[in-house]
Amino acid sequence: MTIPAPLTGVVPPVCTPLTPEREVDVDSLHRLLGHLMAGGVHGLFVLGSTSEAAYLTDRQRELVVSETVRHVAGRLPVLAGAIDMTTPRVLERVASVTAAGADAVVVTAPFYARTHPAEIARHYRLVAAASPVPVLAYDIPPAVHTKLPAGLVLELAGEGVLAGLKDSSGDLAAFREVVSGARTRPGLTGFTVLTGSELLVDTALALGADGAVPGLANVDPHGYVRLDRLCRDGDHTRARTEQERLCALHGMVHAGDPARMGPGSSAIGAFKAALHLRGVIACPATADPQVPLTEPEVAAVGRFLTAAGLL
Amino acid sequence: MTIPAPLTGVVPPVCTPLTPEREVDVDSLHRLLGHLMAGGVHGLFVLGSTSEAAYLTDRQRELVVSETVRHVAGRLPVLAGAIDMTTPRVLERVASVTAAGADAVVVTAPFYARTHPAEIARHYRLVAAASPVPVLAYDIPPAVHTKLPAGLVLELAGEGVLAGLKDSSGDLAAFREVVSGARTRPGLTGFTVLTGSELLVDTALALGADGAVPGLANVDPHGYVRLDRLCRDGDHTRARTEQERLCALHGMVHAGDPARMGPGSSAIGAFKAALHLRGVIACPATADPQVPLTEPEVAAVGRFLTAAGLL
Amino acid sequence: MTIPAPLTGVVPPVCTPLTPEREVDVDSLHRLLGHLMAGGVHGLFVLGSTSEAAYLTDRQRELVVSETVRHVAGRLPVLAGAIDMTTPRVLERVASVTAAGADAVVVTAPFYARTHPAEIARHYRLVAAASPVPVLAYDIPPAVHTKLPAGLVLELAGEGVLAGLKDSSGDLAAFREVVSGARTRPGLTGFTVLTGSELLVDTALALGADGAVPGLANVDPHGYVRLDRLCRDGDHTRARTEQERLCALHGMVHAGDPARMGPGSSAIGAFKAALHLRGVIACPATADPQVPLTEPEVAAVGRFLTAAGLL
Amino acid sequence: MTIPAPLTGVVPPVCTPLTPEREVDVDSLHRLLGHLMAGGVHGLFVLGSTSEAAYLTDRQRELVVSETVRHVAGRLPVLAGAIDMTTPRVLERVASVTAAGADAVVVTAPFYARTHPAEIARHYRLVAAASPVPVLAYDIPPAVHTKLPAGLVLELAGEGVLAGLKDSSGDLAAFREVVSGARTRPGLTGFTVLTGSELLVDTALALGADGAVPGLANVDPHGYVRLDRLCRDGDHTRARTEQERLCALHGMVHAGDPARMGPGSSAIGAFKAALHLRGVIACPATADPQVPLTEPEVAAVGRFLTAAGLL
């Protein structure tokens, strides 16, 4: 399908359920997709950071896309990350995920290689020229170690290189600059601006963002869809209450002991533990070399679910 | 072949010659390998940062290894980078480069994914368990954005997980800690410690390092082999003079205008321009999205060669 | 006077007008204070980053506080930065600015010295124990190079060590955590949470913040007071319009050429140029070693004023 | 006295002994100075990082300089840090320490304030123009959060602005660039290049550095003087053995638990505990808000002394 321009609403970055042997658990993936669609989400983003894209082999990535496309059957737009280090490798990922049916690709700046704004611009121009589907920029400095400058995003939007931005930078002032630019500059109608923050969806929508890509929406899609609705209805008070409920639920990402694991192991581990506790996926395993949550840490995740009325 | 334990001497990170269409230029690669072997180098490291590994597709990487192994025909050990984000992806790279004949693999900490010392340790243990050849750690914080702690390297060396370290961290005090530990702790005989710095080879060898992996040795292998020899002979004065000649030659990495390109485009561009000017490779192209040097910038590279007596 | 608990509204970080000889221009300071009070601001913050506190000698700092206190004459609360590297030095600054009449002090984490959360906590406890007036934490990672963790701020608030937070971290998710904690935890009534961002005042107030400390309010106090009023009245649409007008005006901070000066020289230089163009201060000089704006750069500042209807 | 040009040898950054009430312990300071001079050091550097300059009030700093100058009585050059945020504040520190008798001042780039190479250059030019004694640059990125570029140091040396460099950057390749430049460029005769690394003194001298400023020389001045002598005699083997003994002794800086304190509290705490155990100073207290070592941690420091033959 052609993705809407702009794409609006809640577009969860879909977790990738794994078997105990760390293969993609296709049955659980279908159950998770059903759970998200039942929650009323407006699109799906596979192969992002929350999807453990960095941990999946190319074969596994392709399987995730093709199964998701098969499940969705055109009812929702499917965005897919094409996460790799530089242009030639990203182009292969783009070819692979679009052959599997993705409706748009989400692409970061080059990483591992030291880079420069001129090289980032060149990267996006080359990727867009070769991509059969629209390209969204993925601004995720904790992974990529550069910040996409707002001016560059708007410049590439104006050229038609970028169809949108998925912002996981945490820099709301720069995000606002893109949102405002996209709304006021000529020729940018239809440019999609999505926030990746679970904690600031109400805020981002109030600034004029089109939608959100909240990892926590795997756990509580209904909550984020409700929040999106309240924001669009201008019901600021109830929106803030719903957002704060979700902020409290988000506390689960700190369940893992920071002396024993990194923040990714803890956050992804918590989301998968929550999906397992809620009966959506069969196994909470995360990919290697992430460290699994202990039983008491999983129990702590359960208490967050209970407090939020989800268990 | 089995790599020596420890591996000593000059082990250049081999540039990857490209055609104007950005395919691996196999003829030029063979000429470059011949040039390095004629220079008397002691081993070869393909698919490192200087090799533009981050820019090569998996197919291109495999081609580089198999052609190098074919060229070398067992006369020198061939180390290959297995550069990817996390354990499952690195394992595929290890399988691919060892199938193509690499004698050892060089592996970084996880990147893109946020990580933790416990996860880094787990990563190396899992990679070593699955690798058919010895594993060297590649400490390159400018690419990976974490520093391998000296204590962790020594711990993994003691377990037999790591066979060596290729240090591109620039932190000579930490490097010294590994060198000293490798020499004094029981059970670490044979552990290889290599510096990645072009500018401190004499220094690293004086500390007790086994060898060096200098990118600039592509341009002047004879110089680095001479330097290695002088250091091993204890001729400190002539070693320093040779090293300082090479430091001056290294100035070429700043040939590219920092307003127009990143430091990688400039440095790799300069090495390739120098190899082209010296008649070793057919085309100085670097991979996308790197920015090419201009004609005056190439001329500046030429002046460095002339000043060093290489043109 | 006793500062309100919480302190609400617009509390500009007051610029420090200088003579061409880089002495405090007391007459211009009084005119600036009159300009801010005529704009309806709710408090004043002297000796913050926008005040060039880092560039003023202790004697100059004391003069700024005493003149401000004399001008204000109890009509508004006066907060003063006590900016220095570590506890013993900060205690001297606290003694100095409170002797000069400051109603509250604003204190950063230790800097220059490498620090640790336990040492930061100890620092604030020792400062608060010795301070005759309430202590607000100043979270400004670009200057101090550590981020105050939200949990630590709330813990120190609960102990009565901190009376408030001035957040210039740019991390709105962490800011929200403090705001929510301050509103929901027992015993934190009266804790003041202020944003330092010029660009997100509407957003911060929507999250429940008490007020703002926007450097740009030196230039346009009426605009920020109007924005504060609209936010408190729940008039979200007009608030956003006013905020976006101020965002556009804020573009002046980029007037200085980044090839010739740092972002501080450019931003403070622009604020002072604007105050000079508006006839508020006699001389736009900034302290050494900052680089002055050129004439065309000052003209660019003037165009921002004109576009915003301020000239 | 006029400092030698260049200044060579071992120039310890003198610890500042404190009383339990955190006042300068003048008697202990004199004993420490006697201990260092008995060890044969070639100069003294007060008010550096190891001296806890960041924690001392201006009055305490002045006392340290005047007592040191009185003790030394012209027998050794006394360098003093003039550590503050920006030019106007540094100029006051320079006036204060030179009035107290310092023979040279050591000055960092601006900190706290965001800065730029052009502003750093302007800072040093203004400081040098106003200083009655030679100015050495203090390159300490962990404190100041910028690295002094080698090219800028050499440029300012060529202008006569800088008389030397005290390098605590850990970047030995950049250090080598300054050393080589100082030796080969016309007009730089007499420029002093000192390393601040305890762990690489032999290495730095082998590169051509003039001397070292090792914090650990407070604990073992005889060892560093011996090392300096061996290096100058070209006795590389025994120099390396001595250096490695000192590297092992340096392990004491990790005595403090990183879960309870920062690296500064641990390192300075260990040096002072060692000086106390060796009977040089009366009290091992460090300045606030640093966290003191526990009894078992002090015992660990003692074991390092015993192993090095110092207790």
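To keep things simple, chains are lettered A, B, C and D as they appear, and every chain counts its residues starting from 1.
Rule of thumb we're sticking to: a contact is a pair of C-beta atoms (placed from the backbone, for glycine too) under 8 Å apart; a residue touches a chain by one contact, two chains touch by 3 or more.
Being a predicted model, the structure only gives us computed values, none of them experimental.
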Chain at maximum distance from chain A, centres defined as averaged CA atoms: D
Separation of chain A from chain B, taking each centre as the mean of its C-alpha atoms, in whole Å: 35
Centre-to-centre distance between chain C and chain B (centres being mean Cα positions), rounded to whole Å: 49
Set of chain D residues in contact with two or more other chains: none
Chain pairs that touch, as defined at the top of this document: A-B, A-C, B-D, C-D
Touch list for chain B against partner chain D, complex: 170-173, 176-177, 180, 197, 199-200, 202-203, 206-208, 234, 236, 240, 244, 247
Interface residues, chain A side, partner chain B - complex: 22, 49, 54-58, 60, 83, 85-89, 92, 110-116, 118-120, 122-123, 126, 142-145, 260-265, 287-291
